[in-house]
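Structure below; questions to follow.
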Amino acid sequence: MTPGFAALSAAFLLLAALAVASPWGGRRAGLFCGGVSAAGGLAALAGLLALGAEPAFWRLGPALALALDSLSGWFLVAVGLVVAVAAPALAAEEKGAGTARLLPLPLFVAAMLLALAAADGLTLLAGFEGMSLAAAALILARKDTAETRRAVSLLLGFSVAGGVALALSVGLLAGAAGGTGFDAIRSAPPEGWRAAAVLALVLAGAGSKAGMLPFHAWLPLAHPAAPAPVSAMMSGAMVTVALAVAARFLLDLSGPAQPLWWGAAPLLLGAATAAFGALRAVLAEDIKALLACSTIENAGMVLAALGLAACFRAADLPALAGLALAAALLHALHHALFKALLFLAAGAVLAEGGSRLLDRLGGLVHAMPATAGLALVGVASAASLPLSAGFASEWLLLQALLAGPRIGEVWLQVALAVSLATVGLAAALAAAAMLRFWGLVFLGRPRAPRVLGAREAGMLWRGPMAAAAGLLLLAGVAPGVAASGAGAVGEWLGVGAADGFGVGGGSGVAGAMLGLAAPGAAYLPLPVALLLAAVAALLWWLFRRVGRPEPVRGPAWGCGAAPPPRWLPLGDPLTQPSAAGFAQPLRRMLAEPWLARREGIVAPEPAAPGAARLGVSVGDPSVAWLLRPLGRARDWLAARAEVWRDWSLRRHLGLVLALVCALLLAFAAAG
Amino acid sequence: MSGSLAYDVAHLIGGGVLLASFLLLYQRRVAALIGVLAVQGALVALAAAWQGVVRGEAHLFATALIAFAAKGVLVPLLLQRIVARLALDRAVETALPVGASLAAGVALVALSVLVMLPATAGSAGALARVDMVLALSVLLLGVLMMATRRTAIPQVVGLIAVENGLLLGAVGIAGLPLLLELSIAALVLVLVLVAGVFALLMRTRLDSLDVTLLGRHRGEGG
Amino acid sequence: MSAALALVLLHLAGAAAMAALGAAAWARWANVALAAAGLPLALLAGPGAEGAWLSADPLARLLVPLAGFVGLTCAVYSAVTLDAERFDAARARLYHACFQAFLGANHAALLADNLGLMWVAVEAATIASVLVVAIHRTPAAIEAAWKFFVLCGVGIALALFGTLLLALAAGEATGAERLSFAALRALGAELDAGLASLAFLFLLAGYGTKAGLVPLHAWMPDAHAEGPVAVSAVLSGLLLNTALAAVLRAKAVAEGVEASVPPGALLAALGVASVLLASVALWRRRDARRLFAWSSIEQIGLAAVAFGIGAPLAGLLQMAGNALLKSAVFFAVGQAAILAGSQQIRDISGLVAARPALGWGLALAIAGVAGLPPFAVFLAEVALLFEAAARAPLLAVTVGAGLAVAGAGLLRAALRLCFGPARAEFARPVPRAVIVVLWLHLALAALCGVFAPDAVAALFARAAEVLR
Amino acid sequence: MAGIVAQLLHAALVVAVAPLLLGLARWLKARMLGRAGPPPWQPVLALAKLVRKRPVLAEGSSAVTRVAPYVAVVALFAAALLVPSFARGMALAPLSDLLLIGALLALARAAQVLAGLDAGTAFGGLGAAREASFAALAEPAFLVAVLVIAMLAGGTNLEAASAALQEGSLGLRVSLALVLVALVAVALAENARIPVDNPATHLELTMVHEAMILEASGRHLALWEAAAALKLLVWLSLLLALFAPFGTAGSLLGWPGAALLWAGKLALLVLALSAFENAIAKMRVFRVPEFLGAALLLALVGAVLLFVSGVLA
């Protein structure tokens, strides 16, 4: 009974107890969510204990088998922290509603933990599809409208397809290995066409759940449909589980001797997904859809980092492989945290500001200063500003990409240069999206009267957000700590060399200052923080000597804009920067080829008094090129089936006769 | 009886049943159709009796008697009554022209010969092999008849022809437990009863026994 | 007198009694009592004495208790919702008699060691269900029953011919051994190879019609939709499994000899055809019960593929899961149809909002049938995909695609049926028994699924051994 | 010990040179056009005056308007300290990483964008949107340029890269020339110079950088002007450190000469910048993507040339 297993089984037991007790929980939603949060904490503890420890293995009845190794340990930490942080906020959202509605919540968390700690194909799939079913139930239990139903049908449709793809890939792996247990599969890595098929199926299965191109269309619809804390768990935890499954297949189950293209495919797909997700995030007009698109972007980056680690391992550069793996693991952890924080902030804004649309918010910093401050920590990480957690993992990923050309193959070097540019574009677009989100929601003047009624979010919102922000600040200033954990995972996977550049936390100058090291570079956040503090102190001293007259308030200059009319006390919203306005340069520059941009003036009929309206619409190409054709093909086949179904009884009898004759002919031919 | 005579007579009776099947395909009128069915039933009963004579097994005689009573007499009478009572239209509407269905019948017989002879090469004597070939042919012809007739009664006749083929085959196999033969005969009776009930219902509900008309009433529209 | 024989005789006697007293007010509860009495017998049915006509081999020891349980719950459901059927005295008698006759014939078919007796039992079960399907006497019911009668009549004839060929193939073995399944399995290679594999062709075509394998499936969707709901549940739960069990026994015998046409491949081919056609036909259905009939065709297709490629455990899990979950779905849909007064999908919605217990039960059952955890169908489909991907990757991809399309279609239907704003007609109370039965089925399906205890897993494993 | 002294001298030099650069640029442009133009030290006077004036804040603005200028100046001053000028082995050398400098620039830009949005005026939003968009397009070109330099110098540490390039062991390479052009284009976009944005104009529809600090006044405006000056210095000294590192002093004795040489190189660079700005007109806003796209392609070609030549093989 290793300590890790004890914590994990405690988490499972607690979740089971909560699930059983929920119908009779009465009004105690707060206690219930607290329990789920505690279970999340236990899972994170189990993950921590498993890092670097000897993998342990148990059977849970004839069907399920669990194993706790370093890789699953790392992702348990990420998922556990997100659940621990997001669950209490759900109590605020519930405000004393019954716990019966929350029954799927512990099942959702338990399924995620099951998928992470799976030791064989069946348990992985049980957890993988179980979490989608529980998430769908959780969404529909809370809000059952046409929009949520459409989102849930997309969510379930993609998860069933993804589950089938994963099952096929495990089957292919098990075919060579003679058993679906991961230990058996590890002993017989796939080669040739089987490896290619496994890679394609894993990218389709785990990738679609993580929002990878071209299977991402459902994510910006499904995640916003849930209440904010559940969206936080879906974007933070569920996507992290999908990335964990991808990492399990890419680096662990398929053995070290995979060729270069094994890593190149996820690298290029990940980079493309990152840029596409960031572009859609910049153009999104609904704060939760914006954050969901940002999830696609960050999932793409983690996938690219995993692909890069596989490439380095294929070119047997273990130190760089460790670097890339550290980038992937750190970015997955940091993304989980800052996405949970941002979704909670969005939830608080929705609860107080009354709307999810950027064009109906604004100026909330005055009413909700604490939420604005905490959200700023998340935005800084998502925009990877220096000293933030996001920047630490971003720096590692860029260093890994910069070290990419050490692999000899020219085609891969060119691909690496292109994906470096794409990841750079994605990072910058993400920064633009996050600044747009924070600026339009919190700064400027309110764009709708409802916003004036906003008050600071309750303690149940700010508490979890503060916890997440604290973790992010800690991870930002001292990334070496997390990096050493990632080093342990690398060692277990046989991906990184313990002493090499690998992960700076361990050796040399970087180690001492808990910074990050890479070939020919080091990022030492503590000294940089001291430098910035020193310069700030210098500036403060300068201004104290010069004297700082108190600023005075006056109407905004705005190049001579007239004061707002009486009936628009908040100023004419049209003169405010709007969501579409902020996105307009990028929509015109980048969205043209990719997102079927359409801008049209809807002028009123000649005599009509109405105002002309500017219609701006952006379509997702994957819907036009993938989902719609699939739907049309299915309907065509269904029409064919209908024709067959409408045959008269006589023709069906003819069919029976034809079948019997065919069988007889086959029998005669086979002699 | 010398072996060759037994074989010749059985072969003759079997041939007769096959011929009756072809005649069924040929008929245009329902009354004649039922008459040929009765003849076929009688022939099958005769074959059973002859097998009883050849192998000296008493139960075959019982089967022959039951078969004759059921298929030779009772079934045609029931069908006659149903046709008379419900004043059905006399003609047999065919989906496939008669010439074509006969040609198809010949093809089916060829197929059953092609299949059955090599399959039964290893097992019992010539008698059993011929019986199985004939049984398979009559069965396939019965299904062909059901597949090429539009109205309910000819389809039921087709189904009974199939049962006749089965009885012919069963009789040919030595040592088959009696239970089976009894059940075959009994179930034919039940089939006809049920068919009669349907004909009654369809008649009262739909004023015609045209099976294609039924299609329109299928649940969930056309 | 062995438990197996007692079970069959109990139900046949019950049928005779019901034929006389079926119209009485307490008749429906007598029906339940008979089914309840049958359940312990079903559980106790063990391997019969040497040469006995009825004996339970491991396959039967799995399917008979399952059939007994589903039969009992169907009886309870029909007892509780009988008034909605508005039977007059004659029809009530016919209904109860056929119900009991069906149960008896079904148990006899599963327990029969003699393939001839199995054929007679399957034939009797068909006749019983044809009569019940036509009981409403609406044009649609008549059309469905007629198609059921004609197609299954031909199917039964083909199966009989196959049985005859098998008897011929047994050669010199005399008396009852000619058709005893155990004896035929023991003979194995000594059987006449040509005749045995030819016999399998006919048995596959014959019993395949009863199991609803494409292209012999035409009767099933309409037969499911027209009779009383208990019939659909019984058809899906019992008759399909029995027909498929008959095909599996034929395949087990045919695999003893070195067959010219491989039986496994044929069964898998029909299975794949069923999965593909059903997964597409699901999308155009407007009638709820026809939609789930097509889902049964898909489930049986999956089981056929599993048995075809040599993964009997997956196939058995599929059969058990489908029996439990599909009858649960029919109970819920039937109850909703009674409340809504129509079976069209557009008339049934907002069940969760109006009647949460019924709504969530139906949603979970449909999700289970669509292959989502933790139910037995999920376990079966995943095991099937594992085996198929290992043995025949192209087949696996095809079946996987069919699974995904069918799953999406079923889940879309679940969303339409169960969610949406509450509707007035669902405000009326639902009998508590229906809810209990529905959730009992879900619990059992989960028990056979991911949370299976060792005893259940062992039961399935022993049954799979017989078909290896 | 010498490293710390060199670092402090470098800091003093940065404070002194930064405002002068802007003044010199304006003065040179004016002289080239035949105008007298304000003296080069005019920005210093402007800063001194503004620092003492009382700032006027817009009604809707929040604390961001007051904090953002300080954040921008601190970030840019730190970046300036990290870029080596006249001496090797300065105290902050181990910290000076190209990606970190890029991130500090991004931090300053983020502060400016948020300040632009704070007052809630149309032009603040317009400027912020354009600034964020241009940054998004410039980032890929900057990173591929860093890729080429990292491959040549073996890492992204600016000190090591500058030293490696100074020894000239790599000799004149086509890739470096292409990367120089790419980085110049990025520098022009980042510093809101002529082809991308006109630093001198206040025509609302064309301005980018100015639009964001429209509401700033008093000491906040002084800080924003100082930030702009610092950013120009960071970019110019970065270009010098990478592409003209000759003359950087190794030992104590060479410092004064190296400092003078560094200032001279800066002046030459500003002269080139002024000449370039006079020779070209401002581009339409939606042609900037092609301009920065060309920069990205040039950097990529440079990288591919490097791969093909297999310098690493």
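Order of writing sets the chain letters: A, B, C and D. Residues in each chain are counted from 1.
Everything below uses one rule, namely that a residue touches a chain if its C-beta (ideal position, glycine included) is under 8 Å from a C-beta of that chain, and two chains touch if they have at least 3 such contacts.
Owing to the predicted nature of the structure, the values given are computational and were not obtained by experimental measurement.
Centroid distances built from C-alpha atoms place D farthest away from chain C. The leading chain pair by number of C-beta pairs in contact is A-D.
Chain A and chain C, compared by their mean Cα positions, are separated by 43 Å.
Here the spacing of chain B and chain D, counted between their Cα centres, is 99 Å.
With centres taken as mean Cα positions, chain B sits 69 Å from chain A. A straight line joining the Cα centres of chain B and chain C is 30 Å long. Looking at chain C, one finds that residues 146, 150, 154, 158, 198 touch two or more other chains. Not a single residue position of chain D touches two or more of the other chains. With touch defined as above, residues shared between interfaces to two or more other chains in chain B number as follows: 115, 118-119, 143, 146, 155, 211, 214-215. Interface note: chains touch in the pairs A-B, A-C, A-D, B-C. Every residue of chain A that touches chain B in the complex is listed here, in rising order: 646, 648-651, 653-654, 656-657, 660-661, 664-665, 667-668, 671. Touching chain C in their complex are the following residues of chain B: 115-116, 118-124, 128, 132, 135-136, 139, 142-143, 146, 152, 155, 159, 162-163, 165-166, 169-170, 173, 175-177, 179-180, 183-184, 187, 190-191, 194-195, 198, 201-202, 205-206, 211, 214-215, 217-220. Residue ranges on chain D touching chain A, taken from their complex, read 51-64, 66, 70, 73-75, 77-78, 81, 92, 94-95, 97-100, 103-104, 106-107, 110, 113-114, 117-126, 128-130, 132-133, 135-144, 146-147, 150-151, 153-157, 160, 202, 204, 214-215, 218-219, 285-286, 288-289, 296, 300, 303-304, 306-308, 312-313. Chain contact summary for the complex, chain C toward chain A: residues 146-147, 150-151, 154-155, 158, 197-198, 201-202, 204-205, 209, 215-216, 218, 221, 260-261, 266, 277, 280-281, 283-284, 352-353, 363, 367, 370-374, 378-379, 381-383, 385-391, 393, 396-397, 400-401, 403-405, 407-408, 411-412, 415, 419-421, 449-454, 457.
Remark: chain B residues 95, 108, 111-112, 114-115, 118-119, 140, 143-144, 146-150, 155, 211-212, 214-215, 222 touch chain A in the complex.
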